[in-house]
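Two complexes, one shared chain (chain A), two partners (chain B, chain C).
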Partner chain A sequence: MEQGIFNSTYQSLIESFEKDHLPERSFEDETLLAKRAAAFQVFSRKGFPSIKDEEWRFTNLNRILKQDFSLRPPSISFAKAEESIAGLDACRLVLINGVLAIEQSDVLPEGLIFLDTQAALANPSYSQLLGSIAVDDNNAMLAFNTAFFKNFYVLHVKAKKLIEKPIHLIHKFSEAGSPSIIPYRLLVIAEELSESTLIETFHSDGQASVLASYVSEVQVAQSAVLHTHLINAAAEDLNLIHHREVEQFKTSVYNNSNLALGNAAFIRNNFNCRLKGSVTETNLLGSYITNGTQHVDNHTVVDHQMPNSNSMELYKGIMMDRSHGVFNGKIFVRLDAQKTNAFQQNNNILLSDQATINSKPQLEIFADDVKCSHGSTVGQIDEQALFYLKTRGISEERARKMLIEAFVLDVHSRIPIKALQEYVLQLLQAKLDTDSLVTA
Partner chain B sequence: MLKIKNLQAKVDDKEILKGIDLEIKAGEIHAIMGPNGSGKSTLASVLAGNPGFEITGGEALFEGKDLLDLAPEERAREGLFLAFQYPVEIPGVSNMTFLKTALEEIRTHKGLPPLSAKEFMQLLKQKQELVELKTSLVNRSVNEGFSGGEKKRNEILQLAMLEPKLAILDETDSGLDIDALRVVAAGVNKLRSEQNAFLVITHYQRLLDYIVPDVVHILFEGRIVKSGSKDLALQLEEKGYDWLREEVVGG
Partner chain C sequence: MSKDEHLLSTLATNEYDYGFTTNIEMELAPKGLNEDTIRYISEKKNEPEWMLEWRLKAFKHFLQMSMPDWQNFPMPEIDFQGISYFAAPKKNQLKSLDEVDPELLDTFNKLGIPLEEQKLLSGVAVDAVFDSVSVATTFREKLAEQGIIFCSFGEAVQNHPELVKKYLGTVVPQTDNVFAALNAAVFSDGSFAYIPKGVRCPMELSTYFRINSQNTGQFERTLLVADEGSYVSYLEGCTAPMRDENQLHAAVVELIALDNAEIKYSTVQNWYPGDKEGKGGIYNFVTKRGICKGKNSKISWTQVETGSAITWKYPSVILKGDNSVGEFYSVALTRNKQLADTGTKMIHLGKNTRSRIISKGISAGNSHNSYRGQVSIHASAPGSRNFTQCDSLLIGDRCGAHTFPYIENRNSSSVIEHEATTSKIAEDQIFYLNQRGIDTEKAVALIVNGYASEVLNKLPMEFAVEARKLLAVSLDGSVG
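Let's look at the complex of A and B:
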């Protein structure tokens, strides 16, 4: 017997699959429908993962599934998404409750295409790739998404194209009537020798009450360079379960920054990079600043399958109040992956006695000629540094802010786009203003 | 300016300051000497408000205000400054932001508007020249990767920027080469006036050749056991502390 969560949200999802969901999807081809059916089997057998599942030990979905979320066609009346980043010259694409708001989206530069659900599914090469990068055989949340997703987008960067202007994909969640579960997905294809940047930001209007299930599959072809950024600036009403699966081929470069700087009640990121070619480079940056009762869980996998690849992962977290952070970073170095260089570091500061961090690095190394290092720390604010700042007339609160900003600076300062860096700093400062750091 | 009476402090049940009396007036320079572990840095820390020490008795008035009642940042804003014996490194906080923030807080306390970016840079440049600190260091994180001497100069740069009423220099001279010593001393001499005062903690007479004290105190096992003119420093240089030990224990 599977030890999942089989609550009323689960029950209503199971019931709606054949009754409401499949009839809506009758335009889809058989291969996709077969994928959905198989995924549905996995999800119905396993249920939502409970804390008995090793991968979910510290993250209790029961907490957010206390209320019933229903799967309904997302609203089509679009609120205007105001979220843009000052000074950032980017092409905006706006998704509201998972649905593309065409009239709010920009025209894309040459060399790159973005397809909406209908267009994406009309092309068999895309629907075939769907679910083949992120394979859901045994993953209930991934299977849930495959079975139930309503919208599917494709961002396709053509070979040898250097796209200088970043694509800014805005995920906005707004009032949807009653609590809704919104499954949708994205496929990113970066063809050979291309270079491009995708910035994704998450926002909500405070009345959304949403559980978003977002899956992004990313293919970085030979010698391609792809920069992606995920910045969560949503309000408390957002619960997000995101799965990203990246496959990288020979001599490709993939850089990501994954920042939780908003107030979303719940975030779970599964971030898996499969390094399927040799001489690849992967840089994963992350930060999470949490307060109140926020829960942010980052599970990452860096899977070195071929020789001579480098990976660097740096995640830093600050937990205030009663918030809870989880970091689980796995590095695999397969037998063939000789001369791997893999670095992983997770540093945390707890600003309150009642805040929690569960940090667990895991290394599984099967090759012998490799350089791997990992480290994990949990600490408090450096009292000596704090005293030093105060002896120069700087207030306790301001001094704490300076030290916190300094702590995450080595993550944020590596974001290569100036306007984005400034945006991140603003979010961080706004976040630190919401909390009384002194009484922590 | 500063009046300390019977000040006592301990850390982890260990008594360190056992009743200090000290009075410093505007325009004066006092030196404190004393063997390792006698409590010199503890006195400095306690005056600056280090929460690691527990005050067990006595009082300290600064410009008539109860110093011990003020938070460290309030003491700084009132015009107290401590140049640390071991300045801490603060990676990620730029020296520039740090100085700017500190100056702003202190000016606000004095009812002055913040300096414009240009005014700040001009002031910084001027003070930087005074202590001969390289611009590349000013642009780095606070003390991060600074040499011992560079850290000390950075302390004096802060002193010069913040213009306190009373500056306590805790072994600012140790670790300085002779040129740096001259620079630091020249900086202090340039900053001294009838309105401010200095308390200089040192082991070496040579600093006092450059910064000439009005009074020299000897701190020994948590007490000031002797005070005198600058000649006292010479005497110590010559005879060490042994004669004192005998005198104190004997008397």
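Let's look at the complex of A and C:
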């Protein structure tokens, strides 16, 4: 029995699949079209996930699907993406409403390949990988993306290349006329013994009214090191559902930070790391600062499949006003994954009586020689610390800001790029510069 | 066979001490579940009309409900028509213990529940439930002197209908879940206790459950009301014979604590767990819930779960009164092919309510042990506090430990803390004990006892001793 959401947006999507969508995709090869057809079946059967789906229990999509979203044709006129990070020396790649704005993008250094949809799909090695890393027949949103995505990008780091300059991928959403749903995806391949950094930032111009469905598949080959950063600085007109699936092979390292510091109305992150090789290292950082009626949902999975791997996960959140935070962290330790060390921590501060947090740290362990732990807390600003600062002549408002900054500094200070740290601090301070802080 | 394998196989084949059956003349209801069964039970128990109607209403709900699908184990097929819903030793209406069938007394003696002795020693007041009915309640007069009512559920329906009517189904409604609905429809007996205002119950109250007959299910119901300012400590123990087929135990326990009252409820559950192939054993699907209805009240659950093929229960507390306290202490040990999906719910509704959860899971053999808990602090509960610790210990590489905590906070002055760890027994700890001349087997037992002591210490004396023994027996021969 399916309990999904089958509303008018769903209906119009189902109708447009064969009528409008497939004819546009005639250049694609049969394997991909078959993948799309299978995914379409899943999506049409399950609909948009409702709160009766355990994975969506605390995140009600009905709230954003009240608007009628439609698939819009790729926009041709590009707004200028002004966003940049001061002091960051990086190669810029700009996506506007999911479409590559080539004239605003930089040339990449040697050892790096970045391909747009046509070129990426023309290469069978990429089109075959597409949809083979993120596999889940129960995930309706993933299936939706596979069936309907229009743009597909590949970022390929060649073997034994050390790319010192970070790549800065800008996701910008701008005015689209009517509420639109934008499915697009990215494939990142970090070949053996390579090291590289990918920074992704999300922005919007305030008039976008967009539901973005973004799927990124990431492959970290043997002994490769990959750092990724996701920073959401969008305005409230953005609703984002991001699914990232990472597969890691022997002795590889993957680090990510996922920060929701903007005003996006709705963010859902599915972040799955499958550790398919032994002796891997995975560090996942996250922060979410929400106010107004924002809803930020982080679902993470760390799946230890082979022995001797380490994983660390630290997510911190601050909820103000009537905002809602959700954290669900799963750690799996499979039968073969002996000598695993897996740690997970989620700390939250509620600054308002109308704010809500749902935290669900989850461990599923099938091997015996492991060290696993998780911790989760929900609390407030420490009254004693606040008092201490006030006795030093610091105003209450200033003191509260200091303590909140310190609370998330634990996460943000682990970002290895100085310019990025400063950018994050700016976003945080802008966020805290509201009245919501003192209501508590 | 290596030493480890040998030890592990001893662990697996460890005898279940309570697997005997008692040959006693029984009165059995015909198999099957329909309105007639319910009328039959109700008539047998000579129940008033309102009770029958309540049962029938529950049965209607039951028919509309479907089996849950969220649990962390494959749901066994349960043939509700293949179960006999009423089994009682013949010879009813006992005036005193002397009239109890000697064979039955003997059974309870074997189980270590000497009803006769209990009469003499100032120890524990026992209500013994054999299959479907309560067979004996001790110390009744002595308790009655203080106004305490402790009797079988059937007697309570007859003698104290106003209390039963007032509280029955107020904590676990008939519609709560499919097994609670089934229980409400066909429950055969159980215990009832009422502690009047300001009375501190002078002794531990205790129920002992025994499933004896084949093809029966046990559906008992416990209702415990602690009036203002009273205190009671309640113990529950269970055993069953070894049988090849699975038997269903679907009980409901309701606790009600009014202003300033305190209830301490302890369970040592040792139902037959099935053999090492996972054949037979009890399905222990129990709904237990308490409500701290009054201000400053307290409910504390302590459980030691070592038996049952599948244990599926979440003793919970609804913290409605301001400043009320809920506690949950649990040790769940699974081995062979046992499955346990257990935990608690703490629902904070009143101001400044506090809850504490300590859960210790131990998995050995091919078993799976899950902790599933919910801590929910509502907007109406400012100043509330929760602390949760759920640890898992893994013995052997074929078992699993799982935790599913749900944490929810809806106000800005409450604090929730949750921590969980999973590990095996550290080799250096065993080495240290070996060095001091303690063999590995004993070392494991020592470490496990230490690991579980935080919970075991919460048990009343008599039970703590039994629980320690139970853990030691169950763990015999397991090496980390």
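The rule we apply is simple: the second predicted complex is superposed on the first by the 436 of 440 C-alpha atoms of A that agree within 3 Å, B and C clash if a C-alpha of one lies under 4 Å from a C-alpha of the other, contacts with A are read in each partner's own complex, and residues count from 1 in each chain.
Note that contacts are C-beta pairs under 8 Å (C-beta built on N, C-alpha and C of every residue); 3 or more make two chains touch, one makes a residue touch a chain.
Owing to the predicted nature of the structure, the values given are computational and were not obtained by experimental measurement.
When the shared chain is aligned, no partner comes close enough to touch A:I14: not chain B, not chain C. By the touch criterion defined above, A:L108 lies against neither chain B nor chain C after alignment on the C-alpha atoms of chain A.
Once chain A of one complex is fitted onto chain A of the other, the partner contacts of A:A367 are limited to chain C, with no touch recorded for chain B.
Residue by residue along chain A, chain B and chain C are tallied for touches, and C comes out ahead. Of the two partner chains placed by the overlay, only chain C lies in contact with A:E54; chain B stays clear of it. Contacts of A:M312 after superposition on the shared chain: neither chain B nor chain C is touched.
With both structures placed on the common chain, the touch criterion links A:F407 to chain B but leaves chain C unconnected. For chain A in complex with chain C, the residues that touch the partner chain are 54, 333, 335, 338, 348, 350-380, 440. The residues of chain B lying in touch with chain A in their complex are 48-52, 71-73, 75-77, 81-82, 84, 87-88, 90-93, 97-98, 101-102, 105-106, 109, 141-142, 158, 162.
By the touch criterion stated above, chain C contacts chain A in their complex at residues 70, 377, 379, 382, 392, 394-424, 480. Chain A contributes residues 382-385, 387-396, 398-399, 402-403, 405-407, 409-410 to its touches with chain B in the complex.
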